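Quick one: the structure is below, and I'll ask about it shortly.
By written order: A, B, C and D. Residues from 1 in each chain.
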Amino acid sequence: MAVIDYKYKDVIHRCFRCGYCKFPNNWIDVNNCPAYARFRMETYSCGGRLWLVRAWVNGEIDWSEHFAQIVYSCTACKNCEQQCPLRFNVDIVNMIVAAKSEMVERGEIPPSAKEFLENVQRQGNPYGNSREKRGEWMEGTGIEAYQGQEFLYYVGCVGSYDTRGQKTARVLGKVLQKAGVSFGVLGNDENCDGNEVRSLGEETLFEMLAEENVAQFQSLGVQKIVTLSPHSYNAMKNDYPGFNGGFDVAHYTQLLQSLISDGRLDVSGGVNATVTYHDPCFLGRWNEEYEAPRNVLKSIPGIQLIEMERNRDGALCCGGGGGNFYIDLLGGSEDSPARRRVREAHETGADVLAVACPNCLTMLEDAVKAEELEDKLTVKDVAEIVGEACGIK
Amino acid sequence: MDSVYQALVDIVGQEHVSNRQEELFIYSFDLGTTEPHRPDYAVAPRTTEEIQEIVRLANREKVPVVPLGGGLSLAGLAVPFKGGIALDLKRMDSIIEVNEKARYALVECGVSQAQMVSYLERYHPTLTHSEPGAPGPATIGGNVAIHGQGDLAQPYGFNSDMVNGLEIVLPTGEVCRFGSCSISSGWFTLHPLPDLGLFLGWSGTTGIITKVSLRLFPCKRIRGVGQFVVENEELVPEVIHKLTHTQMAEDIIAYSQAVPPFSSGLQHFLINLAADSEKELEFKQEIIWDDTLGEYIRRGDGGFLGFRQGLERPVVSKTSDWRKGGGFEYVGAIMPVDTYPECYRQGREISERHDIPYTVLGRCIGMAHAMMFSWTYAFNRADPESIKQAREALHETDDLALELGGTLWKPGLYGQKLVMERMDPHTLELMKKVKQLLDPNGIMNPGNWEVS
Amino acid sequence: MDIVACIKRVPDTSEVDVIKIDASQKDIEKDRLVFKINDWDEYVLEEAVQLREKLGGTLTAVTVGHNDWDDVLRRALAMGADTGIRIDQDVSAEDTHVVAKILKTVIQQIPHDLVLFGAQSEDFGSGQLGAMVAEMLDIPHATLVVGLEAEEKRVRVNRELEAGTLESYTIELPALLTIHTGINQPRYISLGGIKRAMKKELQVMSLSDLQLSPDALNPMVRLEKLELPPKGEGAELITGAPGEAAEQLTKILKDTGIF
Amino acid sequence: MSGILVVAEHRNKSLADIVHQMLSKGRQLADQAQVELLAVVIGRDIDASAAELARWADRVIAVKNDRLEEPLAGPYQKALSPLIRERKPKIVLMGHSSFAMDMAPSLSVELEAPLATDCVDISLQNGDVLVTRSIYNGKVNAIHSFAQSETVIITGRVGEFPVEDCHRQGQVEEIEFASEEGFNYKKFEGYLEEEAGGVDITQAEVLVSVGRGIKEKKNIQMAEELAEVLSGVVSCSRPVVDYGWLPSERQVGLSGKTVKPKLYLGLGISGAFQHVVGMKGAKMTVAINKDAKAPIFSVANYGIVGDILQVVPELISKISELKGKTG
């Protein structure tokens, strides 16, 4: 039956389905929409998805698991908004999220998305792991709980629970300690930042998470926040103000950039590696932060930085956005965006693929294994590379 | 279990074939005003061999096959009128070889125009191809299949004139090669073997183009666009005639449109120039702006609006948003250049009668040998009345183009009927024989170019 | 068709490493545990809502517990139940007989063609409650139902036996069924749905409202104490990072001739 | 204390396995309390079964009824309740089976007799009956006693009570059961067997079994790869079938198949008793689960506490490496 109160009812028909959204800005490859790159059928292109949502809203097609899978395969990477030549392009991702919200309210969403959201409702993280284990990553690092220090170091779910993510969280903590930054963490009391919950369409759950987090931060007197993940950075910088949570939010690469340029962090130890940097969507296209991570890498002696064909606002998404690092509707093939991106990184001749997001880290590291490139290409977070340069093990 | 579906899964793999409502819905439309028709399957093959097996299956089961590249031909040429298999060729997107010396590119049919532009800019900066200005995903194969033209039409003709070789899967499943490639490994010329050009202009009704060797042309270091305008449309043919005489320009386009209002009624010229040095550029500018167009400027009949370096690709999709309706369709016709004034005047009259802001454009083909004249009608996809108005305007324009002595380019069903009615019966009979010879079971893109 | 669905709130112990028994040795420490609706009852509610969508009628959700149990009723209301009834009594230490008596009394006061229970609960897993209530209401019942087709006057059910076999029955209404997992795919309940359900008021009843005095509900089975199961000899644990552990296990598999 | 009565579940002309486990426990309790062990079997052609029961029971009551070829909860209850009221056994004991779940609770209400289900131990302490139940999916044991009552009803968990052979020549007593009650309002329509075909996991030498811990359908592909490398087959526990990720023919456990492979490799399986019952017969069991307290670890020979998404890919590459060298 038709969807009655779809917010973008009078805009969505303006999509001409001309397909510019499939390309990066330099048109070098037709596969820059991650879902289209994976399935290469018109239904999975951004235009195809908008036409299907419109057809569903008008009652021309019925809901089906396949339709839900097509909508949820959008990783909210914003390549479409970057490339679409038409004036409504600023709302494309919102149109898809609004369709997801409609499905959420009807309870008809892919099973893995259902599990993701139920786990967050229950345990405050998509893995459903116990809240009592959220602080386990910091055991033995000497990192303190937050009691008014200058920065709240917000880690996020992937950094807290994913073994690979934990490693990065620890290294960044030690780097900040080395630079003498005054910071503390929330440990077991940290809750999901809600960024993925919102892009999965669970609007009310996102509002609750945002309200609770803002209240928690304010009760602790938090002024400045440094986040490990661009996803947390995005929610706290752009959405929390709407819940009167006006904090000074930085992604950690921005903080490291200033620490290095102010001389508070000595990276002269250097790292000998040819590195290519992957722009995470929530740092790049969503927040136009392209230079800080690159400046950090370039400030380390011995690092030779090579750009991939598709970089900055033309980067190919790792396929982990829109909750897909967990619900993973784009995995399972050599056409998966993560595997395409890993091949592209390898072609530059780099031996290190640098990332600045725990989701990208896990997606691209799995892809390196799947492509059997373990001995030719290593995925490292910028924090880990900086850690090496400061002699942190 | 649907045996055809299962057979398709065995050929291309489970992920590249679908009979689900979502794929059938999307592949039932093109972007224009043509009524949608649902296919029974959507299939995305990766190799010529897969296409052969699909076509053989289609013959056995009498299932229509409708090939499409970008699906952007905007005239219903990729709409599966009789259902069957919508064959999306965009996965066949490898650029196989670029031969710098003989200036040609051998590509799979699904290579997109955008990919070609960026690949040449990135790896072969001294070469360029005739880019049609369609949205990025439009494919090389699809474009030659409908006798498309691009921004080198004035010096070098139709894109289909630039074909050095073709690989075709016949409707009965065999693979044929036309041009030097059929006897040697080089794809450097289509001629002089007996001409079997039975696949260009047929819009995929006589076979499926799988590989194209396309001529490339020198790409000079400096490329720019000069803009010239005249008030009186009667002057346009002679201006084009004079410009083509100089043989200095690349693309020559004359257009007129109602939006923005201050330019309504004026005839604008876009004159592409290319040069390897400032000296060469100044020389060409002088010949064009002083020696050729100077008299118009001095008489006040025309105005020079400046020259801008850098070739900015036209973004034709913007037209679809003029009426905030996400849609437009245009009639393209190959017309004698001197019919420009009538094409403009009557075209404008049709637009105004259907309450659509007029947009007409003439692209010179060859040395003013002909021009591709397009009448564009935007519509609002959410407003059936505006679609109806656009569709009527399109049909009236089909009639107009033929009345003015032109011939329709990539016409939809309505235009095809008009063309075939006017065609001399023996040529029509020969077309029918060719179709029957190549496609005995009538599975290839049925409905289009069907000689009754 | 008027449907009554009885649901339960249980602690989520799947992701908890250590469960501590409290000083009374009659309960576990629950203050740090997270609570959820009993797995089986999610399938009950989904089945009930689907039946109500097909055949119309009313759907009433019932639970027995103090006000922190309202969240499972909110969930039922968010899913589509018309009313939610909570009997304000902590029965976590009671035996099933007592709970059955309470529920029987409540159900008798509600129009009921079909009464649905979960086949068992995640915490105690006795699997007795539904069949006991059926006997007390003197209506036919079937447990472990994995397939259900309902008409106005009767239901056709498949119930699960051992070794992949099912047995099927036709049962006249009114009847009671206990629902097993896998019968359907429960829908997602959005927080928005739960919040909207907050506006629907819940009926709260006490034992006295049901003319039941606490001492008339003496348990037949008494809990003596809880204890942690004896540490069985258990598995020989292979430790180390994923790579090393995999290495050692591969060696063991090789040595025992598995490949 | 009066006698102990074992209710024998009799299906397609033979006694269910669990009956021998209950007879053995019943015999042991009866000897300890020096009381009579009775057994009752209800059905149509039950002579052979009655004779078999007589090897354990002092007295066997064979209740014959042509319409009761298959065990039906309603009629069985109508046959048993007068018998129990008349013989007043201290304990009525039966296996905790699907049939028992259908009948025991309503029988307990009819007789106003206390009921404890799915017990893992039954003991007598100075005349009082105590039972142990495993709760919070195997992480806690609860000890229960009964309020004063002539009869208590207990159902025992399958696999918890070892079978001890016995050679007592019990007396067989036949009685007729004619009551019409219990047949009408609940009509038995027949059995549904699983359609055959597909993979038969009971024949596999090596089973790689996936549980809820696999988290997503796409991870099953990793288990397929591991099974392939070990030339085995993928099986699963119930939640995986409930989610529709694998067909029920792959399910190991009480309501699925019982398997006796050379190697049973459990990935993300918690080890609920209904599952363990189906794989206890494996020669060697290895469990990988991130919950150190998962009950499966108390059954397996070897265990790895870790994330299967990290361990299994390593396992696949290490095994194929080793096989590559020597294969």
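Following the convention adopted for this analysis, contacts are C-beta pairs under 8 Å (C-beta built on N, C-alpha and C of every residue); 3 or more make two chains touch, one makes a residue touch a chain.
On a predicted model such as this, the values are computed, not experimentally measured, just so you know.
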Partition of the remaining chains by touching, absent chain A: B | C, D
Farthest chain (mean CA position) relative to chain C: B
Most contacted chain pair (by C-beta pair count): C-D
Chain centre separation (chain A, chain C; CA means) in Å: 38
Chain centre separation (chain A, chain B; CA means) in Å: 40
Separation of mean Cα positions, chain D and chain A [Å, integer]: 47
Averaged-CA centre spacing for the pair chain C and chain B, given as whole angstrom: 64
Contacts with 2+ other chains: residues of chain D: 243, 307, 310
Residue numbers of chain A (touch at least two other chains): 111
For chain C, residues contacting two or more additional chains: 15-17, 185
Interchain contacts (touch definition) - all pairs: A-B, A-C, A-D, C-D
Of all residues in chain D, those that touch chain C in their complex: 70, 74, 97-99, 101-106, 108-110, 113-118, 130, 133-147, 149, 185-194, 206, 212, 229-231, 238-239, 241-244, 248-249, 251, 254-258, 262-263, 270, 284-287, 291-293, 297-307, 310-311, 314-315, 318-319, 322-323
Of all residues in chain C, those that touch chain D in their complex: 11, 13-19, 21, 28, 95-97, 100, 119, 122-132, 134-136, 140-144, 156, 158-172, 175, 181-182, 185, 218-229, 232, 234-239, 242-243, 245-247, 249-250, 252-254, 256, 258-259
Complex contacts: residues of chain A adjacent to chain D: 111-112, 115, 163, 327-328, 331-332, 369
Chain C partner contacts - residues on chain A that touch it in the complex: 104-109, 111, 113-114, 117-118, 121-123, 128-132, 202-205, 208
Chain A-touching residues of chain D, taken from the complex the two chains share: 215-218, 221, 243, 307, 310, 313
